[in-house]
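What follows is subunit A paired twice: with subunit B in the first complex and subunit C in the second.
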Partner chain A sequence: MKRLLLSISDGRGFDIALVSVPLTFLFMMAGLPLAYNIVMSFQEVDMFSLGTFLRPFVGLKNYATLFSMPETWPILKNTALFVIASIAGQFIIGFGLALFFWTNFPGASWLRGLFLVSWVMPGLVVGAIWNWILSGDFGVLNYLLRESGLITGNIFWRSDPSFSLWAVVIANIWLGISFNMILLSVGLSTISQDLYEAAELDGANVFQRFFTITLPMMRSTIGAIISLGLIFTLQQFDLFAAITAGGPNNSSNVAQYWAWDLSFRQYDFAQGATISVIMIVFVMIASVVYVRSTRHEVRG
Partner chain B sequence: MTVHQIELTGINKYYGAYHALRDIDLKIRKGAFVALVGPSGCGKSTLLRSLAGLETISSGDLVIAGAKMNGVPPRKRDLAMVFQSYALYPHMTVEQNLTYSLRIRGVDKAEAKRKAEEVAATTGLSHLLGRYPRELSGGQRQRVAMSRAIIRNPKAFLFDEPLSNLDAALRVHMRKEIRALHERLKATSVYVTHDQIEAMTMADHVVVMRQGIIEQQGAPLELYDRPVNKFVAGFIGSPAMNFVPASSGSDGKSLLLEFEEPQTIPFMRPVKAGQPLLVGIRPEHFELAGDSDAMLRLPVGAVETTGASTYITTATQPELVIVLNSRAAIRSGEIIGLRFDPAHLHLFDQQTEIRLG
Partner chain C sequence: MNFALRDKVMLAIAVLLAAVYLFPLYWMYVTAIKTGSAMFASPPSFWPADPQWSIYRSVWESRNVGRYLWNSVVIASGAVLMITILGTGCAYVLARYRNAWVDAGLFLILMLQVLPASLMITPIFVGFSQLGLLDYPRTAVILAIAAKSMPFFVVLVRATFMSVPIELEEAALVDGNSRFGAFFHIVLPLARNGILVSAILIFMQAFGEFVYSKSMIQAIEYQPASVGLNSFMGPNTNEWNNIMAYAAMYVTPILAIFVLLQRRIVSGLTSGALK
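The block that comes next holds the complex of A and B.
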């Protein structure tokens, strides 16, 4: 007994006690719902069995049903498009801005800080603002495109099936740029200026320096930011709710919005859970990439 | 006619209102090893970086191998630099570090690899080619930095305090290695250091700088024997030269050293009577003397011995440091007799601190 007390006050027991608090919290708040979600995807769930835990086990039936639904593949394709386009846009523009502010002109750090405003705004507010910008009749975006001669007629961004997904992508890129820029700026600032001077004397021009010094030195930051981007875009829900609600006719629907729609609007909890499980697999892969890339930091 | 690899004429550099380099004139012979030395902030690094093209000069002419280089970007100057931090590419192996400049230039892979192996063999890095910089010791990193410069066969090597991150023993060792390398390659080298011993031992031409000005340049011993002013006299040599205010005696054949109790010493060279002077004498130029031939008699303050030499600090104002290359049974508080060769005295004007005679 005395040894146990001693261990808890100063020893392995103390370490375990410290670790167990966050682990318990994580298990209760994330682990249990996750497991419950996976269990539900193998059960028959309806409004009447919602209150019980022991429900009929149906094996892979929910998965089979899901993939036989006509909207499944288009929605998964939308999800992939949304994720890839959002990450690409956020990363490329964010990296561009990070490089721009890295030149350290007067006021650079101050301006860079201002960019964070977009990151602080709630998705629903961002969605509401973009609704106005994207509006078919009086939207600023249409006005700009029309006045610059790029389009002749108005684009109805939110209600035209061929543009609705891109309407959300544009808003999401705007939302994520500042986060990408800040993380990439931090990554850039850790590269020693000496390396660029050495490369310059070694004969490398600005592009060669970018591809042989900046990019490889940023590898871990880029890996981290892309996997975080994957997680954040798969979480992006508010913008869909605010801008298109997945419509028209599922043309801008994505897995995360659809899962919510199935579960909480159509009360088909089993299908909602099934989609969520498929998404979990992708998020897990992203998490592994993230953890690995932060572990592989190259620091001279 | 000597060939000058680097010619600087009237170089000025301003950072805003700050005048970092003032009218620098410097000619560097092909194959010479030149050290830029001075206290921190003297402009030596700025001068080196201007040579490399990492800083732009405000005015003057910068000529490398006969071509004017004022506005030419660093990558087109064909100079190699060894940085204080080494600036090794952390994401590349030693071999990739060495071949970087060749690959940038489009030298083919096999040729680059062959050259890397060749250079590595001469600098003792052959067994480390596959390692990353983080897996190397300080001395090994230093060698990689040097090899990276050597492999390019550049117009000149620039060294920016390359030894200051090494411990004392390794520094002495690398000093010899760099010197030996220079003997072998005969490459024009410009070496920046704040350590006058490094400058004296390695270079065949030393440039002493202060506040953006070249105070004196010449062969190491020339600087040691005939410093042009008090600054150079005090900067070159260790321990530093002793300075005592003095005036010439009325007979014109003696100097009055102004300690609290002034002492007269014989002096042959003609000096204007009554002119305020500063007399300099190096610690190693004193000898102990008996009663009969002592030129100075001074009380002893502190005595330190290293075994090989004895360091005596006198209890006078200003205090003198005396280095004897022998052991001496001297205790604090004693009065000792000293003598020296009057030819070893350096005279400076007290006001301008410029050398007289």
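The block that comes next holds the complex of A and C.
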């Protein structure tokens, strides 16, 4: 006992104690739910069997039901569209801003910091603001688009099925510009200026320098940012809750919102767990890409 | 083109871009103090002619904003406290050693960071209800948030510990300190700033958390401000000035912290995500 105490205060035991408590906590709060989720996706779960572990196993029935539902494929398509459009928008605007602020003029770093504001705002607040901006009759976005002659009639962003997903995409792009820009700025600042000076001496123009120096040097940063963007976009829930709630008629529903909706609106926990399992596999694949692209730095 | 002019043009473009980007925030503050008719005027006015400052007081009282914000503070503080106590030591060990075990631990932690809350809530909710934890809804949410945000904290704080020279700790050990003493008297004080900034970042995230609170807290008197805002926004609401006033009261404290600590937050964030 004394040796154990000594080891904890002054030896290997100190490290093991420091690391084992949090890892145990994480295992109980993330590892076990993950496993439980998989178990539930093979079970029949309803309001009455919620309190017991001994639920009837039904094999792959939940998965079969899921893929026979008429809304499944449209929702998966929405998810893909949401992810691709959001990442494309965030990345292009973020990269543009990062390149712009990289030119280094007085006040650049302070103004660049302002663009991080959206990162710290609660998602629900961002959703509420965009909900109002995108409002059909009185929304300020419709007003600006009308005045600039881009549209003639109001777009009902939230209630028109062909626009509702795009309403959330717009808000999500605004939200995601900040982290794309700031991480891309960090990547840009690590490129040595000597390369550009040498290229300039050799007569390379702006575009040649961008495509032959900037892009190749940024490859691992860009890989990390795109996979981070995929991870963050698949985590996006608050904006859906605040802007469209998946409607109208599932036209703006995505898998991560649908899983929650099935569990907590329709109390179909087994279906919710089934979608969760499928989506978590996707997220895991994305995160392996992310971890691999930052691996040399993880190793230190 | 001379350099002074170029700088001025760039600065002007940058200010313009920032103005476009920050417009949603401006629109929130302006809408909040508009009268009911000014809010729905067409064309909309971009400057409130008749600011209604009393709206803040009336929304604060009618929507019980104080109680919601207090719950948010309780939940965020609880989660930050738990994460800091558990995560700091973990980050320290992961920063101090380089071996296969540490690599495996880091990999695990990075993987846990990416699990979407809206997908994890189903098993957590069912598990918690079986354990009876849902009778203490705020504690349940604190536990869930702690597990969700701890990996991010560990990654950030690990970067801080890496920048503390190991020689200082070794010198303390040679001078007769125990590992315990060296950690608490030498390493922790040196890493204090990094830990503080990471804790503030986690606090701001937890302050705006929505999925777990919405799913696990049924009793209205324990709900945080994010859930309150959600129930305020019905499907066909037209009280947008009141909603924007609520949102402004919710978000202004966070924005104030952000503006005050902007430089540190930016450097803390960037050191964690890519290093």
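In the analysis below, the second predicted complex is superposed on the first by the 274 of 300 C-alpha atoms of A that agree within 3 Å, B and C clash if a C-alpha of one lies under 4 Å from a C-alpha of the other, contacts with A are read in each partner's own complex, and residues count from 1 in each chain.
As a working rule, a contact is a pair of C-beta atoms (placed from the backbone, for glycine too) under 8 Å apart; a residue touches a chain by one contact, two chains touch by 3 or more.
A quick note: this is a predicted structure, and the numbers were derived from the prediction, not measured.
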Q.
Between subunit B and subunit C, which one contacts more residues of subunit A in the superposed model?
A. C
Q: Classify the contacts of A:Q90 with the two partner chains as first (subunit B alone), second (subunit C alone), both, or neither.
A: neither
Q. Looking at the overlay, does A:W260 come into contact with subunit B only (first), subunit C only (second), both, or neither?
A. second
(Q) For A:A273 in the superposed arrangement: first (subunit B), second (subunit C), both or neither? (A) second
Q: Identify the partner contact of A:D194: answer first if only subunit B is touched, second if only subunit C is, both if each is, neither if none is.
A: first
Q: In the overlay, answer first, second, both or neither for which of subunit B and subunit C A:S251 touches.
A: neither
Q.
Just checking: does A:A241 make contact with subunit B only, subunit C only, both, or neither of them? Give me first, second, both or neither.
A. second
Q) Residue overlap on subunit A between the subunit B contact set and the subunit C contact set? A) 298-300
Q. Within the complex, which stretch of subunit B touches subunit A?
A. 52-54, 73-77, 79-81, 83, 85, 87-91, 100-101, 104-105, 133-134, 148, 152
Q: Spell out the residues on subunit A that touch subunit C in their complex, using ranges where they run on.
A: 8-11, 14-15, 17-19, 21-23, 25-26, 29-30, 32-34, 36-37, 40, 45, 50-53, 97, 100-101, 103, 105-108, 111, 113-117, 119-126, 128-133, 135, 137-138, 140, 143, 147, 174, 177, 179, 182-183, 186-187, 221, 224, 228, 231, 234-235, 237-238, 241-242, 245, 256-257, 259-260, 263-264, 269, 272-273, 275-276, 279-280, 283-284, 286-287, 290-291, 294, 297-300
Q. Given the complex with subunit A, which residues does subunit C contribute to the contact?
A. 6-7, 10-11, 13-15, 17-18, 21-22, 24-25, 27-28, 31, 39-40, 42-44, 86-87, 89-90, 92-94, 96-98, 103, 105-127, 129-130, 143-144, 146-148, 150-151, 154, 162, 178-180, 183, 201, 204, 207-211, 214-215, 225-226, 229-230, 233, 235, 240, 243-244, 247, 250-251, 254-255, 257-258, 262-263, 265-266, 269-270, 273-275
Q | subunit A residues within the subunit B interface of the complex | A | 192, 194-195, 197-205, 208, 212-213, 216-217, 219, 298-300
